[in-house]
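When the chains are written out, they are named A, B and C in that same order, and each has its own residue count from 1.
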Amino acid sequence: MVFEREAETTLACGAQTSFRSRRRRTQRHISPSVRLILRMEYVSPEGLRLDGRRPMEMRQIRAEIGAVSKADGSAIFEMGNTKVIAAVYGPREVQNRSQISNHALVRCEYSMANFSTGDRMRKSKGDRRSTEISLVIRQTMEASILTHLLPRSQIDIYVQVLQADGGTRSACINAATLALADAGIPMRDLVTSCSAGYLNSTSLLDLNYVEDSAGGPDVTLGILPKLDKVTLLQMDSKLPIDILENVMQLAIEGCKAIANYIREILLENTKQLEYRRGV
Amino acid sequence: METKPSSYSTNLVDQLVCPGDVVLDLSSMTNQTIKLGGGLRQDCDSISAMKAGRLSFSKPNKYWVENSQKRYVPHAGDSILGIVVDSRSDNFLVDIKGPAIAFLPVLAFEGGTRRNIPRFEIGTLLYVRVVKANPGMNPELSCTDATGKAAEFGALKDGYMFECTTGLSRRLLSSPTCPVLDALGKKISFEIAVGLNGRVWVNATSPQTTIIVANAIMNSETLSDAQQRIMVEKLLKRIQ
Amino acid sequence: MVGLSLGEKHFIQGGIAQDLRCDGRKRLAYRPISVETGVIPQANGSARIRMGATDVIASVKAELGRPSLLLPDKGKVSIYIDCSSTAEPAFEGRGGDELAAELSNALQHCLLGGKSGAGAGIDLSSLIIVEGKICWDLYIDGLVVSSDGNLLDALGAAIKAALSNTGIPRVQVAAGTSNDEQPEVDVSDEEFLQFDTSGVPVIVTLTKVGRHYIVDATSEEESQMSSAVSISVNRQGYICGITKRGGVGLDPSIILDMISVAKHVSEQVISKLDSEIASAEAEEES
């Protein structure tokens, strides 16, 4: 990977901020003047990002199965400061009789907690952004669920963002995968997702909020790791094709790393449930 | 034909698998006739898992994924606990914790005729058998065994019902007797009905015993055999 | 949840009459409470409370604002509760709004006192920076992640834990501004003032099932309740607020009896909660 840098703006300001945000410190309270300077410098001359990561480094990920004991399947997924809970209810009786079909009906609702963003705001459910993300998550999960095995039933996926720091879409998909697997819903493969971007002529893996809002390209990718297929691809902004290939490759690597982690968590969980068998 | 799974396939038997894992490759197997149980699917020559669990194998050629989940997927022949949610002229509608409401025909009782249709209030707990579980239609239940006798099936009065995972209910029904039930049964007497759909009904002479049994079973989910016995002893000490 | 059968209803009611509940508790025993603080680093303070299968998160955010004209010497606190659809499919869309509004209102009654702010569990005058000009606005947000009864007590406990986890930045007011202008302030990044939570009450909900009442009801038991009274009691043993829910009427003498029971139970809850919060804080620091 070549670390080329454009205009020489050597302001190493904030480059070494520790990646774990300190308690009681809102990361996003960066005054407009500081943000202006930062716009030029997302990768320091030493090749470090604003939160101290290397360009191809992912944030710390953590997952936990069974967070909501009432649900049929649930999981918490964290990517750095982004934290989401997913709960799955079903397969259960279709609630709206007119929607019965010979495939399982998959539904998804995405909501953000009032305290999930740096600036507190009261969010109403069902705004355009959350409807769009719900749709993206639903379509991505539908690609993996074997819906024809569960005719005349309904599967509800609820994702709740507790903290948003970039990459919520990916985190939600990863949490939903774990929750579906926990609920024992038949799936073709696990789905994992990761984002990548391109700033300061460098491909960056797993953008955080500050990098995400820099206005550069942001590629969100979802794959079926075992089948090696892409199920979700979203990108805004413009990018030359050869660089896109590069960025996509990076995102795929990220997805695979997450898939390995999710697999481990899932196996660990199964092992715990099976502990009693003494095998 | 002699069944001899190829070396490739035996590798994964008794191993934990995840959705998407390819567990068998038919092209590399000498005997290609195998029976697939729950949690596995065939895609051309490869057999892959679709649930997380432990891959199990039973001679001669059965493979399945042993998993534990909260929802139930009906299979014909399973004994389960259902709750009456509505009644129609020819069917009772029963919730079985599954993907669809199940039908219990009003005549599916021992000696059932149009004259002696039983009356069940909404909320009644029933011990029933799944008769039909075809995709695309609601599962059908029956309150008789295969020979038409009432056997143990029917409404469960009094007692207390709690929900657990399907894995736990399978374990409670497995033989030799599950250690938690074995340890409890030696000390106290109680009635229990375990449904494969992850519902367990317990009844005893005193509510105290019922609660002890229910809590012991719920706690046993993630404990090993020896731990289960210790836990039961601890609980029993508290009532003596 | 599907309905309970007649036998089970009898069992739950009979058990409560015999002072033995389905999970082996006595009538006036709480489920084990687990507290985790600092779960939302972006907030000024936050806490997650788990009681059995009930799971709630509360966060506190402080923002600079102007005090209202009627109460120039007091800051403002607002409480919003949100019921996540993860807790119950019925909360999907706008389904949880009604319960959320009921919980928000009950918590405001119990913690904030009347319109004048008198009798509030949270000391509003400690939030003032310059009288009539600048004060702190505290936004308390609660989120119900998983619900298995007794949400109000859990939310009350979570808010108490979140407040004791809250650090409010020290503010320097630039001297020498005239009376009409808005004074300039300098919010410190380093220094935080611990919020005084000694006066924040706990909420004890007594659920009446049959002739008896129980604390910390699960959703199974709540389905059998005739009425419920939520009483908030502070450390000194003063009643800070009462809310009655449920349709059936109560004899005034029973209400008085319930209050004295709640007062007794609250002492245990406060000490339990205090020790849990302290150990959660200690864990977070390490």
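By definition in this document, a residue touches a chain if its C-beta (ideal position, glycine included) is under 8 Å from a C-beta of that chain, and two chains touch if they have at least 3 such contacts.
Keep in mind that what you see is a predicted model, and the values were worked out from it rather than measured.
The minimum number of touch steps separating chain B from chain C is 1. Set against the C-alpha centre of chain A, every other chain centre is closer than that of B. One finds 41 Å separating the Cα centroids of chain B and chain C. One simple way to say how far apart two chains are is to compare their mean CA positions; for chain A and chain C this gives 32 Å. With centres defined as mean CA coordinates, chain B is found 35 Å away from chain A. Shared interface positions of chain A, defined as residues touching 2 or more other chains, are absent.
For chain B, residues touching at least two other chains: there are none. Those residues of chain A that touch chain C in the complex are listed here as 21-28, 67-71, 74, 81, 85-87, 89, 109, 111, 113-118, 120, 122, 125-126, 156, 158-160, 162-163, 165. Of all residues in chain B, only 83, 85, 95, 121-125, 156-162, 207-208, 210-212, 214-215 touch chain C in the complex they form. Interface of chain B with chain A (complex): residues 14, 16, 18-22, 39, 41, 48, 50-54, 66-71, 73, 98-101, 135-138, 165, 167, 171, 220-225, 228. Looking at the complex, you find that chain C touches chain B at residues 2-8, 10-12, 14-15, 18, 20-24.
Listing the residues of chain A that touch chain B in their complex gives 72-73, 90-93, 102, 104, 144, 146, 149-153, 181-190, 224-227, 263, 266-267, 269-276, 278-279.
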